[in-house]
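Labels for the chains are A, B, C and D, by order of writing; each one numbers its residues from 1.
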Amino acid sequence: MRFAFTDQQLEFRDAVRQVLTKECTTADVRAAFEDPGTPSGRWAALADMGIIGMTVPENLGGLGLSLIDVVPLVEEAGRVALPEPLGLTVGVAAPLLTACVSGDDADASARARTWLERIAGGDAAAAIGTHAGPDVPVAGAAGANLLLMTAIGPEGPVVHAVAGTDVSITPVSTLDPTRRLASVAWQPGTDTVVASAPLSPALLERTAQRAAVITAAELLGLAEAMIDMTAAYAKERQQFGKPIGSFQAIKHLLAGAQVVLEFARPTVYGAAWALDHDEADAGRSASVAKAYASEAALEAARVSLQVHGAIGYTWECDLQLFLKRSWALAEAWGSASDHRALVLESLLAVR
Amino acid sequence: MDAPMDLHGTPTQEAFRAEARAWLEAHAPAPRSLPSLDTASGFEAHRAWEAEMAADRWSVVSWPEEYGGRGVGILEWLIFEEEYWKLQAPLRVSQNGIFLLAPTLFEFGTDEQKSRFLPPMAAATEIWCQGWSEPDAGSDLAGIRSRARRSETEGGWVLTGQKTWASRGAFAEWCFGLFRTDPEAERHKGLTYFLIDMATPGVTVRPIPQIDGETGFAELFFEEVFVPDHLVLGEVGKGWNVAMATAGSERGLSLRSPARYTEAANRLVDLYAERFTGDPDRTRRSADAVAAAWMDAEAYRLNTLWTATRVLEGGAVGPEASANKIHWSQTDLAIHRAALDLLGPTAEFHGDGIDAPWLDGYLFALAGPIYAGTNEIQRNVVAERMLGLPRA
Amino acid sequence: MRFAFTDQQLEFRDAVRQVLTKECTTADVRAAFEDPGTPSGRWAALADMGIIGMTVPENLGGLGLSLIDVVPLVEEAGRVALPEPLGLTVGVAAPLLTACVSGDDADASARARTWLERIAGGDAAAAIGTHAGPDVPVAGAAGANLLLMTAIGPEGPVVHAVAGTDVSITPVSTLDPTRRLASVAWQPGTDTVVASAPLSPALLERTAQRAAVITAAELLGLAEAMIDMTAAYAKERQQFGKPIGSFQAIKHLLAGAQVVLEFARPTVYGAAWALDHDEADAGRSASVAKAYASEAALEAARVSLQVHGAIGYTWECDLQLFLKRSWALAEAWGSASDHRALVLESLLAVR
Amino acid sequence: MDAPMDLHGTPTQEAFRAEARAWLEAHAPAPRSLPSLDTASGFEAHRAWEAEMAADRWSVVSWPEEYGGRGVGILEWLIFEEEYWKLQAPLRVSQNGIFLLAPTLFEFGTDEQKSRFLPPMAAATEIWCQGWSEPDAGSDLAGIRSRARRSETEGGWVLTGQKTWASRGAFAEWCFGLFRTDPEAERHKGLTYFLIDMATPGVTVRPIPQIDGETGFAELFFEEVFVPDHLVLGEVGKGWNVAMATAGSERGLSLRSPARYTEAANRLVDLYAERFTGDPDRTRRSADAVAAAWMDAEAYRLNTLWTATRVLEGGAVGPEASANKIHWSQTDLAIHRAALDLLGPTAEFHGDGIDAPWLDGYLFALAGPIYAGTNEIQRNVVAERMLGLPRA
């Protein structure tokens, strides 16, 4: 039994932190807020480090790593409010395509390989629409060059990998513009199929669970960033002749948020490990993680805004970048209460 | 007081309700049909709507007729608000004037001040913003540093300093605020309450873009701004008492009318009912939160009636105003949080979409525990003044 | 529109407060905790003031008053943790019997009158078992000399008024011994019927609503008493060289409880008025009141125990008397969540 | 550390689990079959059970074999606890000794002290109570006034003062506590950690009846109680550091094992399932609270594994121990509050009834945010030491 990252995983995380600290400042995120299409060198920098391809099998140019390796890096992405879909591409799209490679249909398998090679080359940013009905907007659709979608065939859902150039999108206005939500119109064709036999519902379910855990990891980073910047503000901001952080009410607000975050963290790591090892309770673990991380981020957001006061309510204050992402991701891939319902259902199923 | 308890309106009150409803149904803009009042065009659209109300004497029903009102009582004002919010009529662009400044003017203003300022306030031809907070005086409001220097020669005061978080300050014609007239006096003392024409030379306005990108509030800079003596409200050096007297007695009652939350709570139940039809299992999970939020609004309505009766019968509103502030701000958050939970993945929609107003409302609700005195400060007041706990 | 008590109601309340302060000290309540059968002069003192018979019609020796007149007195009973079933006798049993008087069956009507006269004479303390199934214990059954029970007849529920001497009881151990909960075994006979035609389900429902509002009023008093004694303790208890009540954490705990209590109060008064006037939404108002008052008392209990610290956890500390009653009454006649469900159901019914 | 993450037990660990389970299944008393350990007879019944465990070396598995343990690590201890709680085996009557004093003895005790005290502690022949709090030193623990006067002639110390809230103090044989050996030193300084035989002349015990009528704790009065030098733990005058070093490094991990909450959380789900069959509509309302409480226990389990791994790999437990305390006490309350909500009208049942244990558990849980340092104090620690906020 060992519940900790390896030294290698920590070194990778530290390296990513270093790059993101430089390449993704709040000014950069702000620029993406103003125009989500703003070109940046961030994706290329991550690709150069091998991050974008880290879960692509080694024979396709990747590093063949697992979700547990991705999670600490996505946490870092959350800490800087990275606008790009790092987690969904690396933690969800690549594993799904990898599962498609082993299918019987050589054409479909080859297509999945090609996309995986593009991901490994840093050349594809993915949006995951596998669970979206025809009218449900897909996050990241407006910027993605790879969209993973499902079409219901006669035997069940079939997965398609569609190029960004082959879909027509209708953007949806959201509070955080970097979410790039859009409705996607596309034509399922034989040339986009990556799994010609219908994928098992279990694999699609697993995809949603991976997305939940990846989103949870991002929420951990966001929560930590908000608590940190708020604690820093509380040390500096003076009222009644002393820093507001010396008032017990402020301390206890922040301490409460910190406690939730502390306990959310291992649930996310545990869920990533469980998914990697196909544990019997992996789905439930994923739900625990997403519910906990959503609550942690919502509480950190609430407390941070309250401690900042009116300043936190301004466009100028960087806090807004983290608040908006948190509010969006807390609901994405299942809200806290959605996942609590799943947890209870799963507990009752084994009784 | 020997009249028995009666939660029904009197025939006169119900007639007033019917009249108000009829007028509002005929005139009120459709829900969300005006642009946001935190934009320049929305500000003017809202002003036009209030001018329309004023023309038929519906803008400030509880004021005396001479100032543009109908001279009705506080219960009738609550009735009017119920009808107003039922139709989801627009937010009041003149709220700072009519709800915050006006009660103070009625209590401390000279006859000249009342005649000069109340009618255009009622007509929305002059819109007011508030100049309380400063960059270093937020929760610690008594830490105000903006100062006013006496000019005997000119017969007035010369104001210098900076105010911030002035809602609608980017567009308002007038500002009311506290300035330090006695630099030697400590904290709450030596402050004076001024009425300031924003067109006076030396006033500069810097709009502050809000979290949603709109310019809801502004910073106000005062550089040697002359304000004549007749624009001092109340006694020189007693500004704190002037500001706080009204905060204690009226503000808790009139700042946020219960009808606003009743309306939002009812919309929440509608949303629940609508989603329930589509997905009963998922929706059922929100049932407790929806009911609790609706009840919070209902309790606020009843508590307001309770307080209004007491005030009508000569009682005062003391530190309960702080309990009130805590309650309505929490109620607003509970309603909107429950709504976003019901919406789930569409909660993040913004702009003109059908679900978007809940997110806007949530953003506004999140500010509730902050403005008008943070809830932390209000809890101190409740503990110290209602329960007698010692100051730190 | 007038939402306030009359001067008369307030004078009545003040008089009751005066009597209870003398006749029901915490030492008296403690004696009842040690032995719930301890004789006391409290009931007689209240009867002498006309309180016990206040809702009995004037022609039967009472004062013919309403629920709204009873509520402030029951609040006073809660403030001193009165062990006797004042609220249920005056606010629930007497009104139910009064409704029975107007029935067609002269014998049943006469029986209801006799019981009402006994109540007016201070001679009957009631327990309400109309909603209890055969195995469900009834609060106050162990001390009551009047038990109102229902038996299901061929046409529906029929109400019986049974003398305490005619039932066999099996006490149930509860945390607050003055609750005197017991299972009741009794034999429906023609000589106990007080409503021979089955009462309308609406009237029984109304009885439960009255009980909910009465219990809510008692919870208000309990909550106020706990907050008051805790604020007093916080002013006196010193730690770190100052009264603990000067710490912001303690202030905010108590302030939070006080705010809930402040807003619970008018919901209870509004519900009593609505029941008295058979308002269309009276049942919903009763549920709002009980849910709110339950939460107010539970929050006051939680905060009071927390602020008292270990002392509050002792038998010696009077707080326990109020805590235990609060925990019991918060669940009695429907918990907060039971009533929130009813509120939502009623809101949806009119949509 | 290059071993990959692995939440499965090693074959050795699973063999240990199987052995523990087999022994416990053969020996553990049925759930709730022993009288309460806060009664005289229950105390002895629990002592007998622990003696039985000790006889087969199951009472303190993580201690070295020479002191009665099995020399296994902290992960194996957690495994043992899982098996122990799964069977709802009795609360540990020697918990103050084995969980609070023992880690301190291991760190600061002399070889003689360890040999003298650990074996009878493991065997439950000597049961310890804690002498920290005083009537005026609760949250303000550094305000301790009980003092110890030096007696050079006798080679020891003479203790005078009063301690309170000593759990099981009414029955315990030994007490560990802090006394002021330097009356001039301020607050945290000048305190010394003593091991006190309760049979020493001058020790008087006054049992304190608890809220449920049982004598769970006691006041201890010390009048000129002689304690020889060899019963000082750690350095004279360093008692605060001795006490706190362990509180920081071990207490957060060993005071409340996660298995206890996992067991209660699973019983809560069982209760839900059972009630759901009878009344799905009513029960469904509690679903969110039941799931949330279960998840709190699950998060506590995972966090403990996380911390245990860090400790095993040379890390230390700092202020996270305070976060831990806040979390487990809230978890326990959440579990029991949800259960009482499910029970509804039978929630108030007490004594031997089938539903009664939930109320007992609630009473115990309510004490959680108070003992072992109130949660208010713990939140100060989290804010100051994890987030660096300034002291008041």
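Quick note on the criterion: a contact is a pair of C-beta atoms (placed from the backbone, for glycine too) under 8 Å apart; a residue touches a chain by one contact, two chains touch by 3 or more.
None of these values were measured; they are calculated from a predicted model.
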item: Pair of chains joined by more contacts [C-beta pairs], C-D or B-C; value: B-C
item: Per Cα centroids, the chain farthest from chain C; value: A
item: Inter-chain centre distance, chain A versus chain B - centres from mean C-alpha coordinates, in Å; value: 40
item: Between chain C and chain A, distance of the C-alpha-averaged centres to the nearest whole Å; value: 53
item: Set of chain D residues in contact with two or more other chains; value: 285, 287-288, 376, 379
item: Multi-chain contact residues (two or more partners), chain C; value: 247-250, 252, 337, 340-341
item: In the complex, chain B residues that touch chain A; value: 133, 136, 138-140, 143, 164-165, 208-213, 217, 281-282, 285-286, 340-341, 343-345, 347-353, 356, 359, 363, 366-367, 369-371, 374-376, 379
item: Chain C-touching residues of chain B, taken from the complex the two chains share; value: 1-10, 13, 75, 269-270, 272-273, 276, 287-288, 290-292, 294-296, 298-300, 302-303, 305-306, 308-310, 313, 320, 323, 326-327, 376, 378-380, 382-384, 386-392
item: Residues on chain D engaged by chain B in the complex (per definition of touch); value: 284-285, 287-288
item: Sites on chain A touched by chain C in the complex; value: 247-249, 252
item: Chain B contact footprint on chain C (complex, rising order); value: 1-8, 68, 227, 231, 234-235, 242-243, 245-248, 250-252, 254-256, 258-259, 262-267, 269-270, 273-274, 279, 288, 291-292, 337, 340-341, 343-344, 347-348, 351
